[in-house]
Amino acid sequence: MGFVAALIFIGIYCLLTMRNLIKLFIGVEVIAKGVSLALIASGFERNNIYIAQSLTITFIVVEVSVVATALAIIINIYRHTKSLDIRKLTRLKG
Amino acid sequence: MVFTFILVPLVMASLMPLIGKISKKFLPDILTNITLLFLLIYSITIGRQIISSGTGIRQLVWLGQQLNITLALDGFSLLMLFLISLVSFAVGLYCINYMEHYGSKAVFYALFLLMIAGMNGLVLATDLFSIYVFLEVAAVASYALVAFGLGYDELEASFKYLMLSAVATAFILVSIALIFGFTDSLRLHDVALAFQLLNAKYLVGLCVTLFIFGFGLKAAIVPFHAWLPDAHPSAPAPISAMLSGVLIKISGIYAITRIFLNVFGLNPAISTVLMYLGVISILVGAIIAFSQNDIKRMLAYSSISQIGYIILGIGLGTPLGILGGLFHLFNHGIFKSLLFLNSGAVEQATGTRALDKMGGLAKRMPITAATSVVGSLSIAGVPPLNGFWSKLIIIIALVQAKAYGFAIVAVLASGITLWYYLIIQRQAFFGKLNETWNNVKEAPFWMSASMIILALICIAIGILFPIIIKSWLVPATNVLSAGVYYTINLFRF
Amino acid sequence: MIQTLLLTALVIFSILAVLLRDLLKAAISLAIASIFLAIIFFRMNATYAGVFEISVVAGLITVLFVSTIALTKSDGDVRESKVVSILFPIFFVLFIIIDIFVMKTLLNRLMVVRYPAPTGNFGQVLWGQRTLDLVGQIGVIFAGVFAVIALFRKRDKKDE
Amino acid sequence: MTPANLLIPILLPVGLGIISFLIPSKTKLIREIISIIGAGVIFYVAVVLFRIKNLNYIVPWAGTGIDFDLRLYHFSGFILLGLSGFLFLIVLYSSIKMRGHNRIREYYGYVFLTAALANGAVLANNFVLLVFFWEGLLLTLYGLITIGGKESYRTAVKSFIISGFCDFCMILGIGILWYATGTLRMSDISVQPHGLTAVSFFLMMIGAIGKAGGMPFHTWIPDAAIDAPVSVMAFLPASVEKLLGIYLLTRISLDFFKLQVNSAFCITLMIIGSATIVLAVFMALIQKDFKKLLSFHAISQVGYMILGIGTGIPIGIAGGVFHMINHAMYKCGLFLSAGSVEHRTGTTELKKLGGLYREMPVTALCFAVCAAAISGVWPLNGFVSKEMIFHGSKETGYLIFTIAAWVGAIFTFASFLKAGHSTFLGPRTKDIPRVKESESLILLPMIILAGLCILFGVYNKLPLTLFIQPILEGHVPVGEHLDFSNHGLAVANPIAMISILCLFIALAIHFYGWNRGEKRAYLASEPIHNLPVLKMLYNKSEARFFDLYEQGVKVLKGLSYILFVGVDRTIDWIYEKFVTFIGRTFSRALSWAHSGNYANYLAWCIAGLVIIILFIGKLLR
């Protein structure tokens, strides 16, 4: 469990400090690794690996959809701004 | 068969692009709205059965073989299904006119139906992980729908929404993994039973916190609300209506309520945390909404504030509080969608969302103005419209539970709510007609029709609220106030 | 012991993925981290999950990342601040200490409910017990596909 | 007949109102036919319900004692009958009189809505329901007055505020009563008024009197008489509001509160009643406009009813209630005949009218009958009910009230002599061209009403035994007989003699004034107008010095100036400087915090997570 926490920490640190949109998304991916590790580890501990595996596979499929959507959005943003800087994405505020 | 609620929109959504190849607009319009109407009627008819025969746990049979799909339809999920189908039906009608110039109507409808399928699945699921999966179905569809306009604002909002949600769902999954690790099952019944045996209050505390982050972000509870005032105004108006009216309630509040009340059991600590979160949301939402100039952004902040009321009522945990919370949830779903649809009609007619540029639109758009007056008065809690009764019930429940401080805040904030909705009315619809809008026209037929339907529902619920409470809300409240024992006794399969 | 080493490698490559300036290298580090994760899965008897992790995450997602990076071609124009990389070890060590401390106290207090281990093989479990998730998977895949179609469509009019 | 049929008198008029509102205003005849038939059906239903007597219809509504509870019993059935009868007559009359009015759709809509609300208010057996219908009437009253034209808005607002004040008092009274008794079911409440419930009694009394139009809540009626259509006047202040107000007053003083004869409450009521009689009749006497004169009488006659009910003695109460139904009939008839005159001549100013009896004989006759009835001429219905009130008030021992009532009788007759004389008799003026008699549909309601006046007078046993006496059953001591009809038309007793003497005095006054005024009938009241003290009072009154509303407006204006300088500016300053400032600052600070920065938002979430973890950990410990 400690490693899961570490992975999530790395991911959130990335999200909090990085500026490149793709880099931010890599942060999300790192968190996702932590999550799938957590699922499998729980199953392993409980001697119930089959269910844990099916959960993980479902999770991976979900992740792929999210990644595809997110990257499509990122490419669209790039088309608008010609930049990938999160700091420029502050038009909506107040 | 309960599975219809998931299957029909899913199948229709998958067919939609093919249909779109045959006919660009006409067939998708018709088929989508028929599907939505079917779901609405089906939820009402099935509702009667459920009310007469009690909770329905359905195990699916396919080709004579038992499938391991277990869905639970009880008073609470029925109320949610009804809300989803009602609002999505009205929104579907609205889309016929509104989405004309966005292009790719078929894909739009496909995503729209997927979102509904996801929410229906979430409501019917009896397993924590299934709840997560359907949450993601609705969420992925909603990311795309928010960005559907492909403008800069839409993309920015959608991106932030996605990134915050991704973290939130990660935390939900961590919590699910924890629960799986400790109870060896994810079915609500097993989990509830295991927690009763374990009596592990720290584990519950940890999971509750993670869930509050995860689902609370979906529900836009302060301080997890920041994506909402970006995403809701940027989305196309019907999608704003869906998001504010239904999605945040299903993927946020439904999940929180179901898990906290029926699986973990509401203990004083959880209750206190929820109530404080509710009050903070009420205040922050109301105060920021006050100084907005963008009409949709104001509505979005007001959603945060109203969500606070719901959380406050449900977090109180007394049957009356839960009843008030659920009633407010239902009402808010209706009038907030109405208001967003109004704002969409105004935006389409004038091309602006800035309140200070509007003025006197009531003369040009009487239907929009009249329905928005109904919506505003409802949300501000003016008797005898529906919002009044639900807020009243929440406040009575607070007073009964001797939570006077919370009650005072609730009353005060409803004053502020009235105030800023009067500002909307005065600046947008009444007062002197801004000459720029001299040749503005009333919204097209289907848009007007859907706004009128929602406004009439607001009035009807306001007058007939005893009937609504009796037939729809009391069963839902009974499910929730029975607490953990409800799940343990009834979800056994 | 080997498990711990593998886990450490996973964490290290994740850190690299986050901290490396070059996006392409970062993406590849992420893929390597995925492969380590897959190996861990194999060692935990989670073969199918491992296969998925390698093929989908290390394969498909990396491809997606790389193609995005290629499409945007802007690795250089966003300067990450250097302070971030310098401060990272400090925060990380701090976190690890808190983490170990919390985990020890927390895990010791918790009890566990044990159910008999399920019988049957993986296919039966996936199809027999998680059928609804499969329906959900179909929904998610559709949603993802339609989302991409919607986001890459040609706008008819009203392009900003 | 099932209890659910009690909904018919409420829902049917609503439906009719909506239908006639939806019919385009250009359409002729259809609206009128539907309305007349509909009103006829409502009247029929009321008759059937009156014969059934006892029905109770309860639907749970809002919980905690607030039910949708309708109760039909003798009294409410009687009022229902009266309401629907008047509705029918007014619709009949309006079919000609209001034809072609540009707001005809709204007019019919409001009339039927008023009927529905009034029926609901009468049938309601739950205070919340009562208030619901009662307040609804406020809106329709406002709407109906505004139909009069542009000038009428001011009057409408005035009536709205005055009635609104009275209704507010009533709601307050009901609230106190609820607090004291713990129930909202009207038929369950019966208390001795003392302490808190006494306050409640007074508040509810204000509500009832205000609805009936007693002093000092009367001032909108004369204004409305000028502005509003005459059929509205005949419908609302003359009949419906009287019926409702006196109905509630009777319920208050008979059922909800057990009033003792000559208790402080009774004396208060009697003082209000007799003051209303005398003051309003003096105002009526000097009016030079037909409709305005009638409207002051509408106020004055309320005084008799309040006086009668205030006596607390069975015969007085019976007289008050009987007077209510009588008054509704002849005052409605009088307004309608005024309307008929206006319909043909286009004016109601007495100065311009004269000698119309040849051209409009039926109108003149109906007017004569109704005027005689209101003045209490033997053997019409007014005589009977007034006698009963005189007897009742004399029995209390306070002769002063009886004398006040007699004074009222004198000047009532005098003023009607003046009105009738100057309208229908005397020389024909040149101000108006030759006219014809009105259409038969206008005459028919008047003939019916005049006929009823005669019937109820000559054969007073019928209404008394059929309608009035059952109301008092259970309120008289056991063994006492409940038959007032022997008082009926008896003249061989001192009270009746004095009453008749009063009529002769009135005649004398009229002829004296007529002679003094150079045989011009509309000046017949001038000698009284010019009496030393009275003249001053009259002048002040004409200048609306005694109008509480107008005075209130003046006082408020003065007060508001003082407040504006003293308080408002100060509060404004505080508001500007503190409340707005703090609000703005908060709002701005929060807006500023929503900077659009993703990392920022995520940081809040994480911070929130940590705080909640710590908080929950602390709570769980």
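We just call them A, B, C and D in the order they show up, numbering each chain from 1.
Assume contacts are C-beta pairs under 8 Å (C-beta built on N, C-alpha and C of every residue); 3 or more make two chains touch, one makes a residue touch a chain.
Treat the numbers as computed from the prediction; the structure is a model and nothing was measured.
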A-C or B-C - the one linked by more C-beta pairs in contact: A-C
Interchain centroid distance [CA atoms averaged], chain B/chain C, Å: 30
Whole-Å separation of chain centres (CA-atom averages), chain A against chain C: 6
Centroid distance [mean C-alpha coordinates] between chain D and chain B, Å: 49
Rounded Å distance, chain A centre to chain D centre (Cα mean): 74
Set of chain C residues in contact with two or more other chains: 112, 114-115, 129-130, 133, 136-137, 140, 143-144, 147, 151, 160
Set of chain B residues in contact with two or more other chains: 129, 133, 136, 140, 143-144, 147, 150, 152, 156, 159-160, 163, 167, 181, 184, 202, 206, 229-230
Residue list for chain A, restricted to those that touch at least two other chains: 11-12, 15, 17, 24-25, 41, 43, 46, 48, 51-52, 55, 58, 62, 65-66, 69, 73-74, 76, 80, 89, 91-92, 94
Pairs of chains satisfying the touch condition: A-B, A-C, A-D, B-C, B-D
Chain D-touching residues of chain B, taken from the complex the two chains share: 156, 159-160, 163-164, 167-168, 171, 201-202, 205-206, 208-210, 212-213, 217, 223-224, 226-227, 229-230, 268-270, 272-273, 284, 287-288, 290-291, 465-466
Parts of chain C lying in touch with chain A, wherever the complex brings them together: 7, 10-11, 14-15, 17-18, 23, 26-27, 30, 33-34, 37, 40-41, 44-49, 52-53, 56-57, 60-61, 64-65, 68-69, 71-72, 74, 77-81, 84, 88, 91-92, 95-96, 99-100, 103, 107, 112, 114-115, 117-118, 120-122, 125-126, 129-130, 133-134, 136-137, 140-141, 143-145, 147-148, 151-152, 160
Touch list for chain D against partner chain B, complex: 60-63, 583-584, 586-588, 590-591, 594, 596, 598, 600-602, 604-605, 607-609, 612-613, 615-617, 619-620
Chain C-touching residues of chain A, taken from the complex the two chains share: 1-3, 5-7, 9-11, 13-14, 17-20, 22-23, 25-27, 29-30, 33, 36-37, 40-41, 43-44, 46-58, 60-69, 71-76, 78, 80, 82-85
Contacting residues of chain C [partner chain B, same complex]: 106, 109-115, 127-133, 135-140, 142-144, 146-147, 149-151, 153-160
